[in-house]
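Residue numbering begins at 1 within each chain, and the chains themselves are lettered A, B, C and D in the order written.
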Amino acid sequence: DTSDKKIALSNNYAGNSWRQAMLTSWDKVTGEAVKAGVVAAADAFTTAENQATEQAAQIQNMILQGYDAIVLNAASPTALNGAVKEACDAGITVVSFDGVVSEPCAWRIAVDFKEMGRSQVEYLSKKLPEGGNLLEIRGLAGVFVDDEISAGIHEGVKQFPQFKIVGSVHGDWAQDVAQKAVAGILPSLPEIVGVVTQGGDGYGAAQAFAAAKRPMPIIIMGNREDELKWWKEQKDANGYETMSVSIAPGVSTLAFWVAQQILDGKEVKKDLVVPFLRIDQDNLEENLANTQAGGVANVEYSQADAIKVIESAD
Amino acid sequence: MRIVDRISRAPWIWSWFAAFLVWFATIMVTGGASTLGLSQAALTFAAFSIIVGIGQMFVITLGPGNIDLSIPATMTLAGTVALKLMDVDNAMILPGLMTAILIGIGVGLSNYALIKALRIPPIIATLSMSFIIQSAAIWTNRGLRIKPPSFLADFTTSTTLGVPNVSLVALVISLAAWFLLEKTVYGRWISAIGQSMPAARMAGVPVDGTRFVTYVLSAVLASLAGYLLACFSGGAALNMGTEYLLMSIAVVVLGGTAVAGGDSNVPGIWGASLFMFLVVSMLNTYGLGAGIRLIMTGLIIISVIMLAGGRQPSAR
Amino acid sequence: MSKAIIEVADAKVSFGAVRALDSVTLAIGAGECVGLVGHNGAGKSTIVSVINGGLTPQQGSISGDGEPLARYGINAARARGIRCVFQELSLCPNLTVLENTRILHRHLGGLGWRRRAKHVIERSLDAVFPGHGIESDRTVGDLSIAERQMVEIAMAFSDAGIAPRLIILDEPTSSLDASLAEQMLAHVRRFVASGGAVILISHILHEILATASRIVVMKDGRIVAERPADAWSEHGLVEAMGSVVKGEAHRRTLRDLASEPVVIAQTGRGLPLQAKRGEIVGLAGLAGHGQTGMLMKLHAASTADWLPRRDPAVSFVAGDRRLNGVFELWSVLKNFSIASLHDLAARGVVDAEAEAERAGEWKRRIDIRTPDMANRMLSLSGGNQQKVLFARSLATRAPVVLMDDPMRGVDVGTKQEVYEIIRQEAQRGRTFVWYSTEMEEVCLCDRVYVFREGEIVAELAGDAVREENILAASFRGEAA
Amino acid sequence: MRLKPSADALRLAIPALSLTVLLAAVFWLQPRAMSYIGLNLLFNLAVPIALATIAQMLIMSVNDLDLAMGTFVSFVACVTATFLRDEPLVGILILAGAVAVYAVLGVVIHLRGLPSIVVSLGMSFVWAGLAVLLLPAPGGQAPEWVRSLMTMKPPVAPMAIVASIVIAIVAHLVVMRSSLGVLIRGIGGNQRSVERAGWSVLAARAAAYGLAGVFAVLAGIALVGLTTSADANIALRYTLLSIAGVILGGGEFIGGRVSPIGAVIGALTLTLAGSFLSFLRISPDWQIGAQGAILIIVLALRLLLNRLEYREKRG
């Protein structure tokens, strides 16, 4: 019974649509859970700037506030370890997701970012067996997720040597920054057959290619509604094919249920893997219809889903 | 010789010179094949830095300590609210623009209220304000990306006679700014205040009114840039202004405007904005990483200020 | 006299056209107190800077204890035991008294310097101002002006290794009340009696008469008289100092202004001030006794900070050019036109032609010596910069012109030209409120308010505007 | 005996009062904070901020401003988590070099009369670039000794409080009590009179910058001790936090009026303000805005108290 337990969400950033979708999902699912008396409280906290120091302070405050569990999307996989350890020592269950932490006492609901990067190249190898030049759009320099996905992409290129990365820019996971960076490097690049991305940057890349009047390569999308909509338009107009892959913002609700299960006394393995959410040519319309205008394709989890994920890990 | 001498003393020449060098170095990679594409891209993206840079320049001209840190948040709020209001409807373009401008006026008003009434130093006042504006942007739309009306989307992304429309907008704003600075009474006033506030007051300049208008102007230009950028990139994002914080200061300083105030320079902002875009493109083109890129940017800023700092500014 | 502690021979110093020192020879021996008097700008502070090592004269030699000193500077002077109390505040306001002592005495460092500095300064304070009540750990900025001046004086007399031999006091009592001043003067006498030397500069003549052993009178950068103190009387000193050249050209034409309307007025402590249309009103008294403050008040009362005024009520001519006059980055033209932009602009746009034309007019009218009005303001000589500030102010339509000792650094010829312009403008109905430290100028006014300690203590009109009356009103109290 | 407190004491009273009020509010909202562990949790992340604030204060005491503080501390954190742990000697050399660069910046700014804002803006890019080169992805690990120092559990008072007090005392001794500190503040107060007493202003400014570098290096090391690892963006917000901390602590942008104890209190106040907000449970939408609001409120309070002080002075 967890009806007297309090769970907190520690979120390090609120400045993009993915994070906002994540907060909305949290609000919706936990709101119902609190109403139903599953838990006593599920409060969301977010910091102003994407900074580990600020989030560490936030976690320490949660310890003081007496939460029983902290669900955590971390600014850094390692820089919060000090604060997480303190929480564990205070008897608090810490469940990290998306941005996971390496502190052993915490649970991790991880997406295999490396695989996410590698699978992009694998997909391209199926569409373009003869290979060609790729453009890589990276995230924010110095951040863990950026490094992981990029490493996966480079692994994929090693696996499929017919591809060659001829340019790499930082798009900071923002459409406008990606657009700017791609537009800057594009004039000096040879023909590009594919663009490998990290999410939140595909639409910007497409805009830059269109503006430069270059042939449109296969741009891997990141599940944003504007990306899917553009893809749909292209698909209807000229049969454009690509795929879209990202982590679903609703994973915060999975983390919530996992935390609730742990508080309930369930044995849960420390490392859980959630599949990333992938959209393909055939299920594009369906996903687009389910995605809020301007939002991100999403999956929210129920208690039963969470139990399934926990059990499948055993 | 005189002309060469005069030009080499112009404070804006260094940024143009640097921009040209970098542009040349970049197109050489492809043997000149990328000339048109790169130039168009540079003009397009420099346009946004130019618009916010001009606003920041007016503020910096007011003298030491005057800096507007609320530009990024203002861009975000204006873009978000305007696109939400227009809601992909071409008929709503003007009301959307008006709303963006009203937001700018509101932000500028609040900024100066904090500075004047509460005596908070401008740096901290505009920073605090930016947090509040950012929250307002989150609260209005929770980060949903609403598409711009089709006319605006087409307008901001296309070119006229090969020149990107947004850079034409920036050009019009720059000409207006240049006119304001060089030809109008208001331009004289802000320059006077920047050189010496007591002297300006004794010469009969309405100091508070002028400073107030300047903060409003900066915020309005920021919201205009936010409006355009949101339309250009297909929707407003909560983090879309972030990189314009340092950018707006850097282009002003590199452009030859005196940080100590009183001396501002519109052409320099063009040179510096083009340069800031091109230097990233060049380093990307050469395959250099983020670390090296940052270091080079820093060293270039310091060298430009050292070069420019040692000379006597010419009479204005 | 045997060997002088310091001797300056034939020193010449000029700042641009201003001859601050013109062949000045001065020697100070041990055991004497030299009183130095002279009008504002006579060169007193400049000779002090020369002796103190802060200023190298363009010509002339310095010798100490009989031997010529080739490389003379601040550190050399300090090593010889020469100390100075400067006219303007020269303490760091953000530091405490004993921290300022530390800054002054470079060799006071090492562990426990606070104790030593405290000892040094407190001993000196106790000696000069018994019962002073100033704690050495107080921040200088928190002290009253008088307390600051006491600290500066005590600091000069303090001994932290190098004993003071010659102490220069530049208007040390300007902020001290009579009893504190007497304490200080008594200490000066003790110091001199024990073999020290003092140069005492003061506008308060009876102090000089009572303390100095020799009195030197300076005028326009020269020493014009030098006699033992007992050969002087107060009246004699005033007469020797007086710099008014009463040539016919300078005589005021007495005008009847009784029927003119009052255009500006201000009340405060002391007598109220008012000025009539076409009147030239002088503000006199010793420097720093509230005249500039009065001008600022008059200015603030008639200008707006938020909205521009179509018809300016007042305009202002700065004396402290650097602080509130000149825009350094600008050309002469822009410096000239800033105050009258409204007349030169249509709908906020400056009419460049009209601006240049108006500037050209004034350039001719008051002869601003520059080949091109587009030249930088700072390329002008000081006098010419001042002319531009005059032109700026006179070119406005403001009926009242406020002038804050505007003739600083202006040479004689220019002054005459400007006086003439002021007279003409007054004739046309413009009102001038004119603070000046130069008696000659004050005597050009129709009416004069004399300031002391921040308030107006006397009003002189017509024939009563005379140097003796003004000096008497300025010094009343101390002299009584 | 004087009855009126000095301006220095009043300058300190204002921040101390805000801290006390805020602390009382936090205790009221969250009584659990009123304990050894609670205080440590509330304040331990204030320790590096306090060090950075002292560094910024040193620069501000010579009338300059450092916009590179955040990136510099991040860079130091990266060096600490990599070189200082793996090859201590190289690490120490790098950090010493970084301090030297700070001193050189002071010299250059003084000699060429450059605006410190621009030079430090440029340097912020340089430090950020170096940090990204050192740690392209977050990682590294805190040296053992740093970690154990920062997680020590001294008797009586928690480490965070002890460290803050030590920092305040050391900074007070250096800045307020030593000859060098007097000289540095003297430059901010009246550069001319310092020159007139025969000192080299150039050397003093270089010393101020160098000292600031030392405190900033300590901030980076302390930060890594708390977080256990570093990344290139770890301390970006320290630039504005440190400026705000100095101002909250009663310092001023010009005039050499600074207070190290006040600066430490200012840093504690800023940290506590964050906690206060999270205890208030504001809606996530407005949590960011509330940070701005609290900055404004505390600074407005300063204005109010300054007015009182002013009246006191005149009265």
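Heads up, the rule we're going with is that contacts are C-beta pairs under 8 Å (C-beta built on N, C-alpha and C of every residue); 3 or more make two chains touch, one makes a residue touch a chain.
Here is each chain with its UniProt name: B, D = Ribose ABC transport system, permease protein RbsC; C = Ribose ABC transport system, ATP-binding protein RbsA.
Values in this document were obtained by computation on a predicted structure and should not be read as measured data.
Enquirer: Going chain by chain, each one touching the next, work out the least steps from subunit B to subunit C.
Expert: Tracing touching chains, the least step count from subunit B to subunit C comes to 1.
Enquirer: Report the inter-chain centroid distance for subunit A and subunit B in whole angstrom, where each centroid is the mean of the CA atoms.
Expert: The answer is 32 Å.
Enquirer: What is the distance, in whole Å, between the centres of subunit C and subunit D, each centre taken as the mean of its C-alpha atoms?
Expert: Roughly 43 Å, centre to centre.
Enquirer: State, to the nearest whole Å, the distance from the C-alpha centre of subunit A to the C-alpha centre of subunit C.
Expert: So the centre of subunit A lies 72 Å away from the centre of subunit C.
Enquirer: By residue number and range, which residues of subunit B touch two or more other chains?
Expert: 131, 134, 138, 142, 289-291
Enquirer: Among the residues of subunit D, which are close enough to touch at least two other chains?
Expert: 131-132, 136, 287-288, 291
Enquirer: List, in ascending order, every residue of subunit A touching at least 2 other chains.
Expert: Only 14, 23, 48, 141-142 qualify.
Enquirer: Strictly by the criterion at the top, what is the full list of touching chain pairs?
Expert: A-B, A-D, B-C, B-D, C-D
Enquirer: Any idea which subunit B residues touch subunit C in the complex?
Expert: Subunit B residues touching subunit C: 183-186, 188, 191-192, 195-196, 198-209, 212, 258, 262-263, 313-316.
Enquirer: Which subunit C residues qualify as touching subunit D in the complex?
Expert: Answer in residue numbers: 54, 74-75, 78, 89-95, 99, 102-104, 106, 109, 113-114, 135, 137-139, 141-142.
Enquirer: List the residues on subunit C that touch subunit B in their complex, please.
Expert: For this pair, the touching residues of subunit C are 299, 303-309, 312, 315-316, 318, 323-331, 334, 337-339, 341-342, 345, 348-350, 352, 374-376, 379, 392, 396.
Enquirer: Taking the touch rule as given, give the residues of subunit B at its contact with subunit D in the complex, in rising order.
Expert: For this pair, the touching residues of subunit B are 64-65, 114, 118-121, 123-125, 127-136, 138-139, 142, 246, 249-250, 253, 259-260, 289-302, 305-306, 309-310.
Enquirer: Help me check something: in the complex, which residues belonging to subunit A touch subunit D?
Expert: Against subunit D, the touching part of subunit A is residues 11, 14, 23, 43-54, 56-58, 60-66, 76-83, 86, 90, 140-144, 146-148.
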